[in-house]
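Chain lettering (A, B, C and D) follows the sequence in which the chains are written, and residue indices restart at 1 in each chain.
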Amino acid sequence: MIGYKFMGKAHSHAYRDVSFYFDPAVEPVLQVLCGRNEENVKEAAAKMGWKSYETDWRKLIEREDIDLIDVVTPNNSHAEIAIAAAEAGKHVFCEKPLAMTLEQSQRMQEAVEKNGVIHMINHNYRFVPAIQLAKKLIDSGRLGKIYHIRSTYLQDWIMDPQFPLVWRLSKEVCGSGSHGDLAAHSIDLARFLVGEFKEVNGILETFIKQRPIVEDSSGLSGKASSDQMGEVDVDDASVFMARFENGAIGTFEASRFAGGNRNGNRFEINGEKGSIRWDMENMNNLEIFFLDDEPGLQGFRTINCTEEIHPYAGAYWPAGHIIGYEHTFINLTLELLNGVDKGYSPSPNFIDGVRNQAVLAAVEKSSRSRQWVSISELLQNQKTTAL
Amino acid sequence: MIGYKFMGKAHSHAYRDVSFYFDPAVEPVLQVLCGRNEENVKEAAAKMGWKSYETDWRKLIEREDIDLIDVVTPNNSHAEIAIAAAEAGKHVFCEKPLAMTLEQSQRMQEAVEKNGVIHMINHNYRFVPAIQLAKKLIDSGRLGKIYHIRSTYLQDWIMDPQFPLVWRLSKEVCGSGSHGDLAAHSIDLARFLVGEFKEVNGILETFIKQRPIVEDSSGLSGKASSDQMGEVDVDDASVFMARFENGAIGTFEASRFAGGNRNGNRFEINGEKGSIRWDMENMNNLEIFFLDDEPGLQGFRTINCTEEIHPYAGAYWPAGHIIGYEHTFINLTLELLNGVDKGYSPSPNFIDGVRNQAVLAAVEKSSRSRQWVSISELLQNQKTTAL
Amino acid sequence: MIGYKFMGKAHSHAYRDVSFYFDPAVEPVLQVLCGRNEENVKEAAAKMGWKSYETDWRKLIEREDIDLIDVVTPNNSHAEIAIAAAEAGKHVFCEKPLAMTLEQSQRMQEAVEKNGVIHMINHNYRFVPAIQLAKKLIDSGRLGKIYHIRSTYLQDWIMDPQFPLVWRLSKEVCGSGSHGDLAAHSIDLARFLVGEFKEVNGILETFIKQRPIVEDSSGLSGKASSDQMGEVDVDDASVFMARFENGAIGTFEASRFAGGNRNGNRFEINGEKGSIRWDMENMNNLEIFFLDDEPGLQGFRTINCTEEIHPYAGAYWPAGHIIGYEHTFINLTLELLNGVDKGYSPSPNFIDGVRNQAVLAAVEKSSRSRQWVSISELLQNQKTTAL
Amino acid sequence: MIGYKFMGKAHSHAYRDVSFYFDPAVEPVLQVLCGRNEENVKEAAAKMGWKSYETDWRKLIEREDIDLIDVVTPNNSHAEIAIAAAEAGKHVFCEKPLAMTLEQSQRMQEAVEKNGVIHMINHNYRFVPAIQLAKKLIDSGRLGKIYHIRSTYLQDWIMDPQFPLVWRLSKEVCGSGSHGDLAAHSIDLARFLVGEFKEVNGILETFIKQRPIVEDSSGLSGKASSDQMGEVDVDDASVFMARFENGAIGTFEASRFAGGNRNGNRFEINGEKGSIRWDMENMNNLEIFFLDDEPGLQGFRTINCTEEIHPYAGAYWPAGHIIGYEHTFINLTLELLNGVDKGYSPSPNFIDGVRNQAVLAAVEKSSRSRQWVSISELLQNQKTTAL
């Protein structure tokens, strides 16, 4: 695994825990943790249970005792590492968003496909039991034709104008701000539950345009080290409308300026026969409304998806004993390991990553051009053939 | 109508509005408002649309242009007025609790029965559409045998120790504090939905035992007029356990010391086949759980009882356009007027008032004796024959 | 008053009730109700307490015993009636949306201004106590600079494809569907709380394009009278993005196809220092988050705006005894009567109506042109000078 | 560790995870898992990461490579094992309730105290961050004097009359039903947050008095193996009132017959200056009301206790990324290990276990005698001197 901060911790924990709760076809071994700063990576490896560490990811890729490379570095190194890993015949699990640009992501897809390695992208929210229940309901037609999705992913951790210019606020490192960080998740859930996007039109907005510079921008909460101000070149908020291939329409909003919303990843979907609502801060629940419930007894039901009958839930605790954020990673890891064993790339994989990147790119383009942007035309223009 | 404060206002409004929304069999005419202070009652009569006023309730009862006497005075005058009214052949609508003692309430019942007048008691919460839906569900067996009721009626308006000794805190005027004011409502809803009480055991507690005296204690928010402190001789909170005739068990709690609960009249009932929850601060909703809902899709449904299909709701606004507290009085008034027309005393009537008083008295007795008190024995001891 | 269906009932009730709860400077007299069908209007007048009735609105306007004309007819007659009333020197209170087109609305504004009559438009949701509290908080700077508004107005009453072609689904009568009916309210609340719109970009969508024809389309729930299908020429949903003059960005969604949402008029506003959330189905509550609350004790507070301290609330019931939909009309009527007395047109008046119409028109235009539309340019093009 | 079912799994996981998230002073080693059935315990040990296994707990206690014995067996073996372990000089961590009787629990306390070993009891809910915040608020006087606690612990897993006679429904194995299983948790939280119980009065009720017998009653969901019915000799529900030493009053209700409540461990506490609410199904949130908040802006705040500032929360994920049931065990294990290192028995320990057992016993006694039972008298009668 390359990278060991927030996501590195979440992934490491999942590798450790997956066999405790499930019986994956392949047992994960935490072989090598990789990071640039030797002191830090050594300490992190010990803490999180990795057998060894490296400071150069190229060495990691050359090692023969490694089957799977897990890329949890900042966005600007995903492509280089993932492609190198694929070419070295390693399976690749990559953080989202897949890449900095649509073109980069397409090259990544080509690399994994050409080299026949297993690939997956970390859209962990798909693996919340409530989301899996939503998927099952939609796929089995219980909501009928979908009319609407309204999706928000709201946070508030950078609202203070004195919050410094950390790496997540740098276009060079991340490509975008709330857009690639938060909207990417909403787009994935929309693709998973509603279907493919047809066209989008949006706004990327930066409310605080200058922030204090920090010497070490690698953390998420560094203190400003000087009086110098730097330009914020990524978005604080991303808002867009969408039309889907199947006729549904959607609104999407990601923001880091929505006070009181610590991790407000939420959506509502309305179909011909029913509706569902979900909120990550209450992730164990799915609210469901059926239009064909008995008249006079219709209302949103709050389903606590911790019963044995619910996806993944049986492996954990009795009904009503809730699970949390980290379990999304454990569930995803189970799928990844089963894919490695059986030789297929479970969804969401790099194909999903490219599709997601296309929507992200289309919104960015629409924000500049103030025009609707067609996803398929954008993909076409990139001369991708694989899709 | 005798009395014109909080409840006088609610009743007056209901008489004015009932024919706007419904078609009662009898049209109410707001003939005379009665109160002791001429200046105040005159002003109130004008404001609330009463044709005339009186300052002596005995004169009111003698008047021939009056068919129905509405008693909204403090508790210590209910019995005298209601009995006199009944003996004068007037129909009687009385505020709750019916009386100061069980014996008083039984005399009231005798008076209305002997004189053949229509009688009703103002347990208005029965007439919330959501409560009517609850009743329908339970009566039709949708919840099965009832196991539990847990009921709370929580307020916080006298928590400040400097809040003065108003009439509602005087045993001489009210008989009790939170017990007769709040628990009486919970008892009525429990009788309506679960059934008759078998035995009870409880605590009446006074947290603040002395309060500033006010000169005019007739309002609910008078300022203290002196440094003198007076004894609080009613309960601040009433807590009791109950067994019902049908085997259900219940917990009840009424308090004026539950900060943040402005009017927290709430309950949950659990039956063999389902559960319901209700909260007056969200009175339009009923939450319902069915044990026989499809496995994996079980959860409390939030029913917004504003659809035309729900009791009383069709007379008001389209679905989702909520009604409020005052509509409980309008609905009750409709039943009262229809009862007057057809010659029967709609529930809740004085029989319900007596039953309710018996439960109140039993809890008070248990609080003193620290023993369980049987409701039927208590009624027996009062040598009532009518029940 | 001209018109006597859903809105006619709400207005009539408010005229009857306003003096019961408040002391308006002018006492309203329910003089004449006007409608085309004599039998129906006669019955409605009797039911709702109007002294007389007319079947021709022109006669109403000529009557000297009338000071104020209340226009609650379908949208396509607002302009003609309101202008005639103004020219006859009558004050005018008009249902929303003000008109069928921006140009019409501007002529209405000219008429009331030229004739010096009082004018007001029925955006009743401004008069919910929780909304007034929101306004107070924003105006006093408690939320700081506003960044976001996300607003939805969701209903579900026409989701059944067999629901017939009633007048609300006819462009000729209404001008638009969910857009003018629901989004107009959201636009008004956004203007009231956030400020003026700068530019918009949106989608108007019709999901069910053909519906059964009814003989009498004047109701909202008519049964189909034949096998014939007719074209639905208004929108089922209206979705748009907005930029405000003060830099805030917004998303808006109105739909009649959001199952389980009976009257889901909701919004969240995020500012520099705090956030608020409101939901009409829980209209007594305002949720408020302050970024400067003590760290570790920050969270959305649920304020039940029924305390005496809250706007309008003191006139009704004690804290926690909720009010409902109809009280928005009573509060608005108080302002209208006070305006008539003092000689000014309270907000929202026809100026607000025109501004609102401009946003509605801009969204419609953007939906056709697939471009952003500037509100000020649109108003400019209409050569309006009054604004 | 002795025992490997539900609780064995939760404890094992905590030992594995505690060093990943925290830096305990002592590193736990999962040395030996013990169970009666060799095949099963061998498999469980492998699955959960234990180095070896035993089938006789006496052998475990003799082993020198063991420092801490974790007792997660059914209640009827706690005392024997814990006392033997203490006498062998092992630290003891025991599941709740501590014992079958008050006398047994007192002997356990004597044993650990006499042998100077560290002891702790598994009331894991104390270690929810929201509960720790509640404790901090109360201890610092933010709620003032406490008036009320109302506490419920509601489940519904045995409502089906065909649900068989598993071990949790056997008095011989468990001592009681919902009472020792669920009410014990509520009692612990009340002692932690409100203070010591003074006297109690309650009901233990069994709704379904006969159930199908199963051959293997060791699981929680066994199928009935025959047509034979057996007597249920434990309670289905436990309801009681309480007075606390500090003057607070409380209501408690534990039930396995509250449909729709999967794991409804909830309470509200009202104090002189504020109130708090908590619900295990939403365990990351604490609702707080302050009476001294600015008038007009008072309301329950929903605090999501996932911010770094909250107890234990900093070790996990960023704000808004919730944790779940299993984290209560991880947090508790951290305290246990630190206690072992520093040589003290962290709360809740066997002293708390005895106190808890006394309240349980007092309620049972009151249920039989239909009288209030004093806790201190009960403890006195047991001639315990250590307390």
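One rule holds for everything that comes next: a contact is a pair of C-beta atoms (placed from the backbone, for glycine too) under 8 Å apart; a residue touches a chain by one contact, two chains touch by 3 or more.
Just so you know, these numbers come straight off a predicted model, no measurement behind them.
Per the definition at the top, count C-beta pairs in contact and tell me whether A-B or B-D has more.
By number of C-beta pairs in contact, B-D is the larger.
Measuring between mean CA coordinates, which chain is farthest from chain D?
C
Rounded to the nearest whole Å, what is the centre-to-centre distance of chain A and chain D, using the mean of the C-alpha atoms as each centre?
Whole-Å distance between the two chain centres: 37.
Averaged over CA atoms, how far is the centre of chain A from the centre of chain B? Could you give it in whole Å?
It comes to 55 Å between the two C-alpha centres.
From the C-alpha centre of chain B to that of chain D, how far is it in Å?
So the centroids are 40 Å from each other.
If I count partner chains per residue in chain A, which residues reach a count of at least 2?
261, 298-300, 304, 307 - these are the residues of chain A that touch more than one other chain.
Quick check: in the complex, which residue numbers of chain A touch chain D?
Where chain A meets chain D, its residues are 6, 10, 12-13, 16-17, 19-20, 47-49, 155, 157, 220, 261-264, 280-284, 304, 306-307, 316-327.
Hey, which residues of chain C end up touching chain D in the complex?
Chain C reaches chain D through residues 133, 285, 287-288, 293, 295-304, 307, 309-310.
Which residues of chain B touch chain D once you look at their complex with the stated criterion?
Touch list, chain B to chain D: 147-148, 150, 152, 154, 156, 159, 201-203, 205, 207, 237, 239-241, 243, 247, 249, 251, 253, 255, 257-261, 268, 270-275, 289, 291, 298-300, 370-372.
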